[in-house]
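The following blocks contain the structures, represented as structure tokens.
Next come two complexes, and both contain chain A; in the first it sits with chain B, in the second with chain C.
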Partner chain A sequence: MTSTKNRQTLWSRLTNPKYIMVYATIGIFLVIYAFGAVAYGDKGFTTLRTFVNLFIDNAYYGISAVGMTMVLITGGIDLSVGAVASLTGMFLAYGTSVLGLHPLTCIAAALVMGVGLGLLMGWVIHYLNVPAFITTLTGMFLARGVCSLISRESIDIHHPMIDALAGWKIYLMRLVDGQWVKVKPIAFINFNVILFLVMIALGTFILQRTRFGRNIYAIGGNEQSAKLMGLPVGYTKVMVYGFNGLCSVLAGLSYALYVKSGWNLSLQGGELEVITCAVIGGTLLTGGVGYMVGTLFGVLLKSIIPALITFNGNLLSWWGKLATGGLLLLFICIQRFVVTSARGRK
Partner chain B sequence: MKKTFDLSSLMQSKVTWAVIAELLILLVCFAIRPDFFSISYQPSTGMLYGSLIDIVNRSAEITIIAMGMTLVIALGGTDLSVGALVAVAGAIALKFLRWDVLQYHPPGDYTVCSYALVLGVPLVVCALMGLFNGFLVAKGGIQPIIATLILMVCGRGVAQILTDGKQFTTGYTPFRVIGQGSFLYLPMPIIITLVVVLAVALFTRRTAFGAFVESVGVNPSASRLSGIKAGTVILIVFALTGLLSGIAGLIYSSRIMSNDSNNAGLNFEMDAILAVVIGGTNMAGGRFSLAGTVVGSLIIRTIVTFVYYFGIVAEATMAFKALIIAVVIVLQSEPVREYFAKRARARARLNGGAAA
Partner chain C sequence: MSELLEMRGITMQFPGVKALDGVDFTLRAGEIHSLLGENGAGKSTLIKCLTGVNRMDAGTIRLDGEEIRPASPQQAIALGISTVFQEVNLCPNLTVAENIFVGRQPMKHGQIDWKTINRRAAELMARFHLDIDVTRPLSYYSTAIQQMTSIARAVDIQAKVLILDEPTSSLDENEVQLLFNVMRELREQGLGIIFITHFLDQIYAVSDRMTILRNGHLVGTWGVSELSKVELVTKMVGKDMDVIFNLKRADVPGDAPYMLKAEHIGDTEHIRDISVSLKKGELVGFAGLLGSGRTETAEMLFGASRATKGSITLDGEDVTLRQPFDAIRAQIAFCPEDRKRDGIIGDLSIRENIMLAVQSRQGFMHPMSRQEQTELANQYIRVLGIATPDCEKKAGELSGGNQQKVILARWMATQPKVLILDEPTRGIDIGAKAEIQRLMLEMCGGGVSVIFISSELDEIIRCSNRVVVMRDREKVAEVDGEGCTQQDILKIIAEGAA
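The block that comes next holds the complex of A and B.
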């Protein structure tokens, strides 16, 4: 990059080839959405409600995917997110329903647990040089085991504050003859959706506008070079895993609000769903590349497939898994193509 | 002087730590239950019984899969799809055993297709799925962890669609033998495991293949330049892992005489990778130890048995697994081993100085 290129026009910035994966994700989402609109438009696929439900039903995956994207950009991986989210739900359910604690106390305890475990795993990964896969796998076993130690039964959450938070919703309105009326069929956004969007915004800010975010990309690009440049590699990596722990706890909170209960086996395999969201959102598992906008659309893309299957009504829900696998394959091939052609250009 | 050196080199070997950990857990089990090591003969089934036999028997699936996983990890990769392949193998086997599911028959001692198909097709399909993984890695140049993520995500879907989301049961005796039969007083899964371990060991250590795998794991380009067909090595290793997952899947479904596409092989990839890493094979690739992997797999199963003895719920074994594995991994980690190596060297120098 020459110095004259510092002031780029908006257009040249948007057409930067580094965003090609994000555009691929958005494009494929639009294609699938258009297909749904043509095939099931008469059944209400194009309504605002269907679209908003994509967010409502997958907010917890999305929240977790924010932290996961950062971890993946550093070139690491975190398999503990599903178990930590599940443990958060158990804390909340067991704390409020069995121990009679205030939900805020439980959430605070969960935050200490999740962020603490994240920081610890980050420390082990960086300073003891244990592969991230193994470290976070152990973290997953630990969190999942503690879930089962707390209770093997599903515990319902009954607390006025949780009920209020879970029931809180903003109805989407539109202007008809100078009057605001609810859109039909009724569509609303709730606390989970707002939390999801806030986390995406926060993630974008951290990655694009802070020194910490630039360090994350630098480590993912080449950890050795980052270290030689004097960047705080250890600090950044530990903090990224800590932040991911925070995201897992928030995802667990969001899931607990969604199902209003805690269960020791909830969100099993959730870590893979989250990683899949990030990968089809254009994040490279080799590190160094990834954007929050891509992850946002990755979550939508992954969640639109079950929606299509529901609208079809005749297919086994297992076809969804097959379609997700197919999408993964497609994106991996596109990524491969992009990386190879980028190398060819150099 | 000579002895100190041996000890320090032993302390630096990861396999030593794994064996020590296994012996410690066994000792604690023995302290809690003095009859832990006793083995008795049951004439009615012609099998030996005892906790030790049970540990080896129950670790069969993981050990078999971990044999392939060891090679995959030695190549510097991981195979996440093995658990899903276990489910696929079970689904196909049960499909061939009970093709007539449309009209209801109680599970009886019969098979619809020939028994060769029941056993052969799942193995071939699993090997082909492994080959698909290998193709993506070798020809597509895709990271193994991502390439195998695809089959991990949709493998169970394939298994469910093959069986229309149903769970079949069977009572076919020759199929029961695989998981519940016995041979030479030992449960059949142990025999199968022994054969597999021996076959893989011979294949890798009596031919140059093991050296090829290690070479590709350390540096694929250098291996290619020195005349090793890295792509072929990768294809063989992934296809072998798929095949071994299929064998494990047959054992698993024979134990329950049914297919369970949701739970068969659940978390097997995690356990297998753990077994390999505890056994001292570095996840970065390169040198591998099949013996270490067998010990690693036994450790995982011993922990589970150990936790049962405390009367703790089955699901909670994960927490204890995590704690013990954490200890083993920290002890095996580079900084800790370097610390031991440094201390051993310092002591050797001290001894040498005193002798002089």
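The block that comes next holds the complex of A and C.
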């Protein structure tokens, strides 16, 4: 009797209600992509280049969204990520261009700053019992303030290593008559894209394959229960904010490579973009639910809208904000529905 | 039989109160031992000392002959003392399997071994005769299965002592039987089980011995066959049962006017067809199984859900109840079933909780002064005998029975014409139950018409002038409270119309 239950069919595994949100994200992405393919297929919307550009243009948000997803799953929030990423850019730009330091030294300093701030905020949130919203808002102001202390002007980054890293790319190839040739139109992936995908993979491994990751879900499900089940709640929460700090720094590095400069006002409101990616990727703001695959598609979904607007050519870019707002609203409604129906079954 | 757990002279002092005074308690391996007492008798405190939530001031605990002093729930679990609470303390978003293993998942190659987790979880649940998909989220399943999951976790941790704190209060009859079977099996395997419940029948159905506490003192320990139910209650309350339940049905004159008349109300979803009439000062009981439409009818009479057909007249006038506000204005009051979720606001004080409905009826443009509020709150605290130092105590910190009284006070303060009480006595001890029933009947005497919903037929029969029996979302019979027996009603519920 139980042996049949043990050997789960692929179907029953796929129809597990816990994946509903991820399916919604992937489904809506496919619908929008299909729309783009029909409407702008002749202008080249379906090319590989358009597709990889979705990654290239938003990799820094994606990297940050990996950490944010974990924070949201614990039921917390982190508003400091945009400012911390921006500060990382300032470290790199000021350090290399003004102080003449090696970029690796600057990155190391940024890591100490970002992870340290994350751990500190996590500690305040858990042990001093201060709401995450307020704690990380404070973190945001602190980081943004230091940005402006360093410089109020945009600083260009000039360093051979940074240039090399930013310029490094792998062209996508295709096999034609036994010969590898570049796909047309030219498409490539760069360091940022790889970092993004590696972080998604790392995030998935942590969340699905380690006790630490499962504790994150347990805390988001019911923190009190997690405590009573003997899980290390405090440690987990502090480490999650620390990890998110790491992600913010990597996102800042990625952004610096993308724009090759540091500016104290860069990525203003970036934290909200990142939260948006995670939420339309199916992460519940109330905690306990979320998947990295969902976040990956959340990033793609958020970046396909500006792409569509560019292809249209006649629409103002502000339509992008409107569309993103609409998507967010749609997802919050779906979440509400899912949560309510899950409760109704009891 | 060997003594598995031995607690001697446990004393626990809270500011102003001695919660436990030299209590002894022993548990044998392979027995189910009921722990009894009214709210505030010290059951919870004793359990909290055992599970490391509270530090006792004096006394010793021996487990398997060795002295232990658990300082936290985690330590207690590590020692082999696991607790399953009334509210399931698991994570609703994790799967059944994961809830059993979280924090101690089997690992393989540095990764969580999901296959083993799911297989072992399915085996554990199968031992409880539950053939369910353990990879679905816990929230997908009923409270009974969630509780089984809790027990499975405790058992798999190799518990020696399993504490079940009010596990049955949200289960239906079949689920209770399932739980009992599991308990009996665990007893066979040599576990010591401490069982806490308010349901006297269940104590006799499943336990071997019982220990009674009263006001922090040990009354004694008996085998279940040594003590009759009446003796048991007498020992728990310290008074005679007859005195507690010396209640008289409301006296309604034959020509009393009808206060509320609902004719053929229903909607497409919850209720098929219900007609109910209530005379001034009358108490009508709603009997029926969970899901038979009792609560749904009450919600419809309160405007919380809308009737799509039928008519309601109140005090001779037609009324349309679109939302609770309409009902409150028409002086209908409703105490919902789940007082934690729908009734009591735990973070607000007793005064604020009592004021909610009054204020809502008056409108926010006419606030009452703080002094008026305090006077009103204190008046009800006195009348209802709510055990609290003052009216500013947070309602969430009160015991279940006292919380129920606060909700009663909230609606009494609005001076309702019709009062609907949905399971007002659930999960509270027998003394508090009797008191709630007495208050209901007193209100009837004051001319209020009361609808009383309860799963416990004996209390429905004891209090009601008439009993409306529901089944499958409609009214199947209406019987006089006087002279009817539990058997009569059970028969109607089982077989349909009388």
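Convention: the second predicted complex is superposed on the first by the 338 of 346 C-alpha atoms of A that agree within 3 Å, B and C clash if a C-alpha of one lies under 4 Å from a C-alpha of the other, contacts with A are read in each partner's own complex, and residues count from 1 in each chain.
In this section, a contact is a pair of C-beta atoms (placed from the backbone, for glycine too) under 8 Å apart; a residue touches a chain by one contact, two chains touch by 3 or more.
Every value quoted in this text rests on a predicted model; they were computed, and no experiment measured them.
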Partner with the higher number of touched chain A residues, chain C or chain B: B
Partner chain(s) touched by A:R211 [first = chain B, second = chain C, both, neither]: second
Partner chain(s) touched by A:R13 [first = chain B, second = chain C, both, neither]: second
Touching partner for A:L175 - first (chain B), second (chain C), both, neither: neither
Touching partner for A:L231 - first (chain B), second (chain C), both, neither: second
Touched partner set for A:G221, first chain B, second chain C, both or neither: second
Complex contacts: residues of chain C adjacent to chain A: 73-74, 77, 89-95, 98, 102-103, 105, 107, 111-112, 118-119, 122-123, 125-126, 131-137, 139-140, 142-143, 153
In the complex, chain A residues that touch chain B: 77, 79, 124, 127-131, 133-135, 137-142, 144-149, 152, 264-265, 272, 275-276, 279, 285-286, 316, 318-322, 324-326, 328-329, 332-333, 336, 340
Footprint of chain A on chain B - complex, ascending: 78, 136, 140-143, 145-147, 149-158, 160-161, 164-165, 270, 273-274, 277, 283-284, 312-313, 315-323, 325-326, 329-330, 333-336
List of chain A residues in touch with chain C within their complex: 1-2, 5-6, 8, 12-13, 16-18, 205, 208-211, 214-215, 217-218, 220-222, 224-226, 228-231, 288-289, 342-343, 345-346
